[in-house]
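Structures incoming, each one as structure tokens.
Here come two complexes built around subunit A, the first alongside subunit B, the second alongside subunit C.
Right after this comes the complex of A and B.
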């Protein structure tokens, strides 16, 4: 009987003992170091010599470097020094904001990233906001109508929809809304070579191009938030203080928003942080579906032209962004919920988190 | 430790999974759960018997390019005249293999890490859980892209990296459950009566934790399949594997495919099968979570 086993008493999913000895700051520092170290060691772990890559594509006549040239280049790039010293130099360059030089675009990586980053930020932030908005609205609607047909319909819809990955949704939108009906542009973030009469016209063009990628990401992310809000609001509604609020004769609006929803939204804060990684991954895919000129698109291009410094720079920026968001949420959570001195974001994202949505 | 106890535990585990209460299990599923279960079973069937279900090879041209569905080619052909139905059948192998091996590796490895962390405690527990935290925060798709770019996108590499990045989910789950289990009176009693570590693990911990692990492995499989498809869609998957994501990638690279009728088969069918597989895995996982986790029964 595999699928019906004895319930366990005292299910404590978050034990607090581990946390005390590890302050959050150290953990972030550690993660930070892991990312940087990964970035540092990848090209050094890669099979083959870096100068083989420099010397030509496969099939071409490869001009082999003489031993002398090889040594010159090793010295030039500082690869002849001890690994620890290389690592130290790498950290120093990073601290100065130097991410290297792109082979393909012949430009410092930082400049390239700075030019593309705003587009990705636009997608990620607006999709986060919209999915929050719709998720909270629909989730609370569902929780207040729990068990009725509206709730059941929405729940089913969200469960099915919430599981389809972003790029599959994006493809459908691209074919039907952009190509089929011609409502939205097929690619890009702005119309090429367009001259705008005013700032507003430019803004309109940008928004018009952003609609589909943002819609894709929003559709892919709303399901999770909806389920979380529905369930956490569902539990809050059964609490005693809801009864008290009603007994006090408070207005329905006040009960719903000040008393119920406010309490139900706390788990959402951690959820948003944990979703940042998935959201960034989704943005990378959505940008590639819609040929949107953000970092994700650049990342793919970098892979195809074998522009490793650029690739690593983008990875570093994306990882740092996700970590930064997590850090912000950690700090915010402590402000929002005075009951917790420390909350471990990582602890919330276990399997139970997604399972608890169904309660 | 008497041999027969180990055997009983094993029987409970395996016998239960295979023969026990399949009807009962089926009855507990909702209509959607049943449908997704059927879809999964038929996709597995497609993958296993693909050589017998297809008339044409999946990797070389066998007809006119871009032929519409019907006639000789059930689902039409792609740009090079390769039969789409064959590609779908063999592509199911890739997706299911990635899902199966990743969830096995990550599930068993993560489960083991979780049990050990909970059982031993101390520095081992702390270190393992911190690593798990770091793995959770790192954005996995960009990491996969970077690793695929550096180490070459073979299917084996993809599976290994996916497993490395997803073991933390079962590890955390199993650890928390095992911690709770450790405090149970009957386990303490067994330990006081002199039950060895191996005995406790096999007789008490494993049977309790295995169903949960199995359910979380279904989730892992779904995630792995999505990630592999995403990578292939970006053109970074194993170029020799012919997965569904790669078919979509090729179709997308065909200039202006949206304005031609070709997308109605070339893009539609891989899309459809991928969506079916992913959403039925997710739905089934959700159902099983409800059944396996007694706390869910309250609602």
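Right after this comes the complex of A and C.
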């Protein structure tokens, strides 16, 4: 999986960046329109509707609606009108910044998302940073020791570890570190019904609760990054310019970090950007294990109960996150790889060809 | 300029961290008064001096919505949490319905007129008196704005013809015809304060502190939607029995077994595998829950007319080994379903009905007597996880009698949608409510009156129809019980569906923390009723 990686997305972005800015804005707008149209139609394509339910999971109480009550709610929320009319209403409301009112949670969608998003971002951004740190450190260590026992040991360890699902890691951590040793809380994102003496005390409590979920996600993600860095750096180390750098008598540190690692990081940046879309979904595993109040769990439950406005809202936020991440990567890429700044379309083609040869 | 993207990235991250820290605080403030500030600690210390340690009970949390009659969710125990706050005219105990806000009631005109006498001295949690006007207002308000939990009967203007306030303490209902179920239906309606709700147009969006003012024994002081936490405190001026719990908290739990052992919660549902750990420990009490949550195998006789043949259905009943399902699927924590439909734990269960002990030979004989061209092969629609396992076991069992089953698993909503469309041959459904009024025998099996969700398409038996209608109109309890017994006998002979098993399971609690847990006569969870928190005689 890792080895077949192709950094296409960023190339497209680089390609776009050399065009004039107005077609690019139109492209963005079109993408956005397609996304919101999909957001609107996908939930409605699923079988069942928000008010049609009768069964529960073992022991769960469910208040089933009769046909009359179901019709009442469909009318109340305007779901009895033609789809096109619903779509126009949705667009109109969206233009006014209104994401709608959740059928199931009985609250404006904006509030629901705004309260959960910070928790997911806390988990996901910390886990991404830590897994990047460890992945890059271990990956480059392995690449420099390629073929030696340290590399072989790390490689085996990481491949095995990378295949363990996040929830299993989470459970093991929960049982040993939280329940067994009592080092961390068992569940939740903070101590409830407590008043904190200061902001710092509260922050400490929140971080304490975040340790295990973040550790779980970090452990689950480090393997992939390690393999990518190891492979990518391994390729870079064999390139001619490395030879040139050594011939110039540069310091080992400068060769490794300025020349080799910087070039090896390009695919990694793309990978992180492409991952942004799946990160919220990925966090759901850790959120489940630790009863952590994130967006991932909300999304899963919203699908389960067919809460159209909430699904539309969450998908919209995710889509905007992915688009934003792509933009960030575009900017970061220019810094990491100065060639992309001045390049013209013809050169881009050559560059892509040479990049393809490298792979 | 060059460093701007990196800098902004870190600034954004910092902002999120701060947001994560701040957001819940705002909600806590909105949701209610201080929980553990210094003032509260002082008060508590005084209380400790005045009486023994305050009783704080913690239970497994989760978000089930804001506990008003309109905003709690339709899945999960949201209605129970709402009922801690809001009282109704009647309440349920171990044996049946008991007077609650209505201290007594009279029935006139052969069951067409009811007068409820409202208890004196009842106060809303904001200090206002509760009168018969509030009762009439609640019923009228629900007709305009249906709450999440409702009984069709009390919302139906063609049935409940008139609601009038006779005095501050008397309210009268006039109905179009006598029905055995009306008293319970009216008795379970949550009474809301007129002085608050009369101003509310969109009750599902009404979520201020005023929305959770009821007359019940517990009042909500804190709720967090994203964390799934609730905090209740005893309402000091509750009209009824002494409230034994001072504070009731619902907190997030990763694993109930670990949380109970670590003392984070005081009660949990414990699976059979680890039950012995608690049985052997003298600090815990183990309660077995009654079987009021069950799985049914339903035939679609409209789509597949061959199911109208009673012998074919009986062949299913003989082949399906319900005991084996209990052992293998529920790990012994269930009771086999009753061919007479009602749960064996139901107060009106008839134990004399045919039981269809597992007998594949008998099933083969029945099948041999059917049309020789019949090749019994059917699709069984199931939901996820556990139901797939039930489906696979049924497939194996039925194959012993030569009935071939194809198990199709879809997600729960899809399955429910297909039931609504009648798009199935055989379907497996699990739900609660098996302990409730036996009128569900009518809604399941009387063709014209079947709900979309529980009816049996294509099934018709005039005698079942007649008995079901008769019991509905019979207001004399012992005569009605007799009719229900006969109905069970008839249904067991006819096998219009097969109740597979009803889960029981165990509730374990730490008795030193709190020991008042009880089951009401028709429900499986001791935490879903307010009597568990009150002093009992």
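Rule of thumb we're sticking to: the second predicted complex is superposed on the first by the 220 of 359 C-alpha atoms of A that agree within 3 Å, B and C clash if a C-alpha of one lies under 4 Å from a C-alpha of the other, contacts with A are read in each partner's own complex, and residues count from 1 in each chain.
Here is the rule we use: a contact is a pair of C-beta atoms (placed from the backbone, for glycine too) under 8 Å apart; a residue touches a chain by one contact, two chains touch by 3 or more.
Since the structure is predicted, the reported quantities are computational estimates derived from the model, not experimental observations.
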item	value
Partner chain(s) touched by A:304 [first = subunit B, second = subunit C, both, neither]	both
Touched partner set for A:37, first subunit B, second subunit C, both or neither	neither
Chain touching more of subunit A, residue-wise (subunit B, subunit C)	B
Subunit B versus subunit C as contact partner of A:115, first or second or both or neither	second
First, second, both or neither for A:106, with subunit B first and subunit C second	second
First (subunit B), second (subunit C), both or neither touched by A:244	neither
Touching partner for A:167 - first (subunit B), second (subunit C), both, neither	first
Partner chain in contact with A:322 - subunit B first, subunit C second, else both or neither	first
Touched partner set for A:175, first subunit B, second subunit C, both or neither	both
Partner chain in contact with A:335 - subunit B first, subunit C second, else both or neither	second
Interface residues of subunit A shared between complexes with subunit B and subunit C	46-47, 174-175, 178-179, 186, 289, 304, 306
Subunit A-facing residues of subunit C, complex	2, 5-6, 9, 13, 16-17, 19-21, 23-25, 27, 34-37, 63, 65-66, 70-71, 73-77, 79-80, 146, 148-150, 152, 204-205, 207, 222, 224-229, 231, 249, 251-255, 258-259, 261-262, 264, 269, 293, 383, 386, 410-420, 429-432, 451-454, 503, 505, 524-525, 528
Complex interface listing, subunit A residues touching subunit C	46-49, 52-69, 72, 101, 104-107, 112, 114-116, 118-119, 121-122, 125, 174-175, 178-179, 182, 186-190, 192-195, 199, 202-203, 206, 289-291, 293, 298, 304-306, 328, 331-332, 335
Interfacial residue positions of subunit B with respect to subunit A in the complex	13, 16-17, 20-21, 24-25, 28, 32, 125-126, 129-130, 132-134, 136-143, 145-151, 169-170, 172-173, 176-177, 179-181, 183-184, 207-208, 210-212, 214-216, 219, 222, 226, 229-230, 233-236, 248, 252, 258-259, 263, 267, 271, 274-275, 278-279, 282-283, 286, 288-296, 298-299
Residue ranges of subunit A touching subunit B (in the complex, touch as defined)	1-15, 18, 21-22, 27, 30-31, 34-35, 38, 42-43, 45-47, 156, 159-160, 162-165, 167-168, 171-172, 174-175, 178-180, 186, 274, 276-278, 280-281, 284-285, 288-289, 299-300, 302-304, 306, 308, 311-312, 314-315, 318-319, 322-323, 326, 344-347, 349-352, 354-355, 358-359
